[in-house]
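What follows is a set of structures to go through.
Across the two complexes that follow, chain A remains constant while its partner is chain B and subsequently chain C.
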Partner chain A sequence: MAVLVDITKCIGCEGCSVACKMYNGLDFKAKPRNIKDGHLELDDNRWTVIQEFHTANDSLRFVKKQCLHCLEPACASACFSKAIQKDEKTGAVVYYPDLCVGCRYCMVACPYSIPKYQWNEQFPQVAKCQMCEARLSKGDAPACVSACTTGALISGDRDELIKKAHEIIASDSRYVNHVYGEHEVGGSEWLYISDVPFEELGFKQVSDTPVTNYSKSYLSKVPFFAAGWALFLAGLTYYNHRVEKNKKNQDDENKDKED
Partner chain B sequence: MKVKVYKCFRILGWDFTITPTRFVLTGLVALMAATVLLRLLTGFQFVTNLTDETPWGMWIAFDVMCGVALAGGGYSTALLVHMFRYKQCEVVARGALLTSLLGYILVMAGLFLDIGQWFNFWRPFVSWGYTSVLFEVFWCISMYTTILSLEFFEIITERVLVKKLHRHILKILPVLVVIGLVFPVLHQSSLGGLFLIMKEKMFPLWWSQFLPIYFLMSSFFVGSAMVCVETTLARTAYGHEIPHEIMLKLTRVGARIMLVYLLMKIYDLFSMDLWGYVFQGTLQSNMYCLEMLFGIIIPICIIISPLRKTRGGLLTYAWLTVLGVIFNRLNCVFTSMYESGSYFPGIGEIIVSAGLVSLGILIYCFLVENFNIIGNARAVQVKIDKDKDIKNLIWALLRTKRH
Partner chain C sequence: MTNKISRRKFLKVVAGSGVVGFGVMAAGCKGDPSGAQGWIPDQYQGKGDFPVNLKGRVAISQDNPSIERDDEKCILCGQCVEACKNVMGVYGNYPLPLKNEVACVGCGQCTIACPSGAITEKRNIQDVLAAIDDDSKHVVVQTAPATKVSLGEEFGMEPGASVGKKMVGALKEAGFDAVFDTCFSADLTIMEEASEFVHRLTKAKDEIPHLTSCCPGWVKYCEYFYPELMHNLSTCKSPQNMMGATIKSFYAEKKGIKPENIINVSIMPCTAKKFEVGREELQVDDQRDMDYVLTTRELAVLLKHKGIDLNTVAESEYDSVLGESTGAGKIFGATGGVTEAAVRTAYYFATGSNPPADLLSWQPVRGMKAVKEANATIPGVGTVNIAVCHGLENARQLLNGIKEHGSKWQFIEFMACPGGCIGGGGQPKSSVADIKQKRIAAIYKEDNSSAKRCSHDNTEIQSIYKEFYGKPLSEKAEKYLHTSFVNRHDRLF
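Moving on, here comes the complex of A and B:
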């Protein structure tokens, strides 16, 4: 399941973020924890936020920010206890608090810095959009998409949505010819189209190579290296052992001769 | 000539020396214990300054990253002594082993404090997130700490449980040494591997596909430098003298690796076309230049110049190398991912880090004074004034064995 965000259609009504808080039982009264460059950022009680951007020609754009649910999620690959997993069926990147140790490697690993932490809790957990995985598995759209009144959020099959996005871009010359999320770090379930260049809307410019490739290629070499190194050391130990034994024998012989 | 031998209590045959420094250290440990309790019961909010922007703070960067690197002395010395038969260096092997073991125990303690749901620390043993580099680090560090403890048991059983255990430990020791050389090499490199996935976040000067190799190499050369620093400290405290040639021999192997490290770093600058970043004049590029100049280039210059023949020169090399590697690890965690720079370690984080180091020093002193680690059955702490004849007196003191 994927979602296409048409930034031109968003009016910033915050319906999606309210729906998100209601569905996920988040605290409405929590003060914003992270504000960066005047923009409200995600935190443990805000799994999705709407950010306002004044563009160069003085028009207003609203950008919905949440987990992009990568096809090759760095957070899931970085988790050493499998507390974040990508659901095969729905494509949602889901967090399982019971398995979480709390090392926060996912927060550091995510190229978009999406996962946040419950810093005020006694036993804090990671907080991020789960794409309403329970709704998805029933065939519903995520809560935020259902709440969207202007059609800025459309959910559906990823390939079809990409096709649709390109159709929209082709039909209207005001759109930027770029579907954000189609290829970014290997692609994501959430896709964005916009009439304002993405750099101006706070979207991070990333390469198309999934970051998981680097750690994967490293880890694939480790077993061979470990085995080779262990064999080398064992061989060397045996060699040293022999050298010492021979030396000892020789010493003994010399001693015998002297006697 | 003034030699001050501190008060030493012998309780049930164990020596407990009391010095003013140790009073302070014990105080720090007590302060840490209180902070740790607060941290474990209330979470991070009152103790740390961690934020969503810097989820990894001082505990990871200093206690874990630097701790593991500095504990590299154990494996690098073991590799040289047991595998490549640098037999003269055997005198430092036990000291290096002990520092490593303490380093790793403190690293484990630091890690334990840093995880949010600490009662879940055992999860990765059963829920295998094998795609994560941290998984490898976790397994290797736990395995290696176990192996190190077993190796250290050889020294412990020279005094305790001599009849029951000592010969068994001696028998399995060669196997332990080999396994004990596989794990550290694996996880020193995988600590660098942790950063591979942060390609999009790190400043390009620090990210490289060779990061695992860089971390491995730097842990190797910082190992011998750390042994050098540590034996110098032990000399001031215990009058334990290591011949200069042996230290020089040990550090020169490290320095050769350091040269290769420098060449690879320069190759990186060419292959990824990063020279523009080096002299950009921003915070990151300045930090990078500082790190390379004082942590790598100047130490190499010292070791190839005649300065290496003086004790001061070698010690300068060692300290610069140690500080350089600490600087490198801090840069990797903080500077390279610097965004708005709101993080500075909280008072609680500093107390805990200082307390852990103090605890390490206290345990080191206790073990050295009770077991044969730096060449005597028991070392005796003496205060050295600058007097030339003092060495003889210290040796005389050291030779007073128990019984």
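Moving on, here comes the complex of A and C:
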């Protein structure tokens, strides 16, 4: 399941971020933890935010920010306790607090700096958009998408949405010819189209190579290396034991002979 | 026995728990994902693109001077969208992508529709309380006609209870230095507007149809959506601002108070007035006409904060100089009222005598019909075709018709809110079905029982022209009582 965000259709009502807080039981009273360049950023009680931009040609644009749910999530690959997993059925990158050890590798790994931390909890968890995985698995749209009245958010099959996005871009010359999220870090479930260049709207320019690719070549060999090393050590131990045993037997025999 | 853990034992525990952990994970035990602990209304269950009756909410920008919203109270019921779109014709009537403004005329109908109290007027109660406590300031308050028939509801009275005199008593007890009647400046508006209308009818025919401009929600709507009709708008300021400008000039002079030491407060049924007072065009000699607007609901909060009960407070009269009013000024609060009052005085200006009885109880312009049509025959002027429209969605449809076919009317009254000011966005909330009719009935009852029914009969109006303004549309009147408009079309289109 994927979502297409048409930035030209957003009027900034923030119904999506309210729906997110309602559905996920987040704290409305929590003060914003991160404000960067005048923009409200995500935090542990804001899994999605709307950021306001005044563009170079004096237009007002609103950009929804949340986890993009990468096809090859770096956060999930960085997590050694499997607390972040990509759900095969829905495509959502889901966080399981019961498995989390709190190392925060995911926060470092994410190319978009999405995962946030509950800094003022006794037993803190990581916080990020779950793409309403429970709703997706029932066939419902994410809460934010269902609350959008202007059609700025549409959910559906990823391939179909990409096709639709390109159709929209082709039919209206105002759009920038770029579907953000189609190829970025290997592609994501969330896709954006816009009439203002993405760099102006605070979108990070990232490589098309999945983050996991950089370490895949050698990290993928780690299990084999570890198993091989264990086998090698086991063999060495066995050999040493045998040598010692043989030596002991020989010593015993020699002793017997002397006796 | 020593309980010392050997190295071997320790490694066994670590490795064992590792194996168990991996086993649990591999078996698919991962607990629940975070989130999904909350609640979401029924219309959001199911696929997002399923059609539903009501959903979403309107956009309210941070710097909106009229209204604000508390997200924690918002239940995404969609009632505000319903009001903004289907009653006021704003939401959905401008193209996307946005230009550089979040469209809002400030009418406040969403605050009335909001069932959880998430959307409210932007409150100025603290500002006004601070001004009252500041001894160096002379705090003047004026009360709009529609508030006199609705404030009682906030104190448990019957809908339509007339509480004008009690409100004056309450305001004086609350510490305001002078209490004036916006009905007085409504009479002043009529003097100017009726003169302007007669002038346009006879000498400036390109400015016909004459469109009223006392409703700030409608004026901003016109600036947004119909800038080509801006020259048809009456240049008269709204009664609120005519009063404000008069207080800071005529009254200040008379009382010997510096205008900068006067704080002008108004009690209005309206949230758009909060936007209006901030308009740059509405200041004279660098003095803002008005300083603060309190809605009827805010006044109730203020009075309760001061421990004043409207049921028991002593009645009082408006202060003189700007306190006398006629029936014509009083009916400004109801749809059709401005028209009826203007026609009464236009008739006098054209003929020199007061209008006949049927124009003093002019039924065709009264009532809740979306667009009311009437014609008045004024000797010397001829027959004037008039339309009265309330609710901006109705206005939108009417104006689109005019754009296509031209106007068959010479005078059109527009009020943003359904029912006129009595149905304003700052009025007490109520679930009584015919609340608007009850308030309107109360207004016409006050008109009927007034000794004077026409604005030009107001003796304080006569003396203010004699002492200060000279005559309607004089140079001084133009300076203090007339304004200009701002084309806002390209902020949306």
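We take it that the second predicted complex is superposed on the first by the 220 of 259 C-alpha atoms of A that agree within 3 Å, B and C clash if a C-alpha of one lies under 4 Å from a C-alpha of the other, contacts with A are read in each partner's own complex, and residues count from 1 in each chain.
As a working rule, a contact is a pair of C-beta atoms (placed from the backbone, for glycine too) under 8 Å apart; a residue touches a chain by one contact, two chains touch by 3 or more.
Here the structure is a predicted model, which is why all the values come from computation and not from measurement.
Asks: Tell me which partner A:Q125 touches in the superposition: chain B (first), chain C (second), both or neither.
Replies: both
Asks: I'd like to know which partner A:A19 touches here: chain B for first, chain C for second, both or neither.
Replies: Only chain C is touched by A:A19; chain B is not.
Asks: Which of the two partners, first being chain B and second being chain C, lies in contact with A:K82: first, second, both, or neither?
Replies: A:K82: touches chain B and chain C.
Asks: Based on the superposed arrangement, let me know which partner A:L99 touches: chain B (first), chain C (second), both, or neither?
Replies: A:L99: touches chain B and chain C.
Asks: Regarding the shared-chain residue A:V185, is it in contact with chain B (first), chain C (second), both, or neither?
Replies: first
Asks: Could you say whether A:K116 touches chain B, chain C, both of them, or neither, answering first, second, both or neither?
Replies: It touches chain B, and chain C stays clear.
Asks: Once the structures are superposed on A, label A:G139 by its partner contacts, choosing first (chain B), second (chain C), both or neither.
Replies: Touch status of A:G139: second partner only.
Asks: Using the superposition on chain A as set up above, list the residues of chain A that contact both chain B and chain C.
Replies: In chain A, positions 82, 97, 99, 125 sit in both the chain B and chain C interfaces.
Asks: In the complex, go through chain A and note every residue touching chain B.
Replies: Counting only chain A, the residues touching chain B are 33-34, 36, 41-43, 74, 76-83, 97, 99-105, 107-109, 111, 113, 116-117, 119-125, 185, 204, 206-207, 209, 211-212, 214-216, 218-219, 222, 225-226, 229-230, 233-234, 236-237, 240-241.
Asks: Quick check on the complex: what are the chain C residues that touch chain A?
Replies: Within the complex, chain C touches chain A at residues 25, 30-40, 44-49, 55-61, 71-72, 74-76, 78, 81, 96-102.
Asks: With touch defined as at the start, can you tell me which chain A residues reach chain C in the complex?
Replies: The touching residues are 7-9, 11-15, 17-19, 21-26, 28-29, 47, 54, 58-62, 82, 85, 94-99, 125-127, 130, 132-135, 139-143, 145-150, 153-155, 174, 195.
Asks: In the complex of these two chains, what residues of chain B are touching chain A?
Replies: Interface residues on chain B, with respect to chain A: 41-45, 50-53, 55-56, 82-85, 114-121, 123-124, 127-136, 138, 174, 177-179, 181-182, 185-186, 190, 193-194, 196-201, 209, 212, 337, 340.
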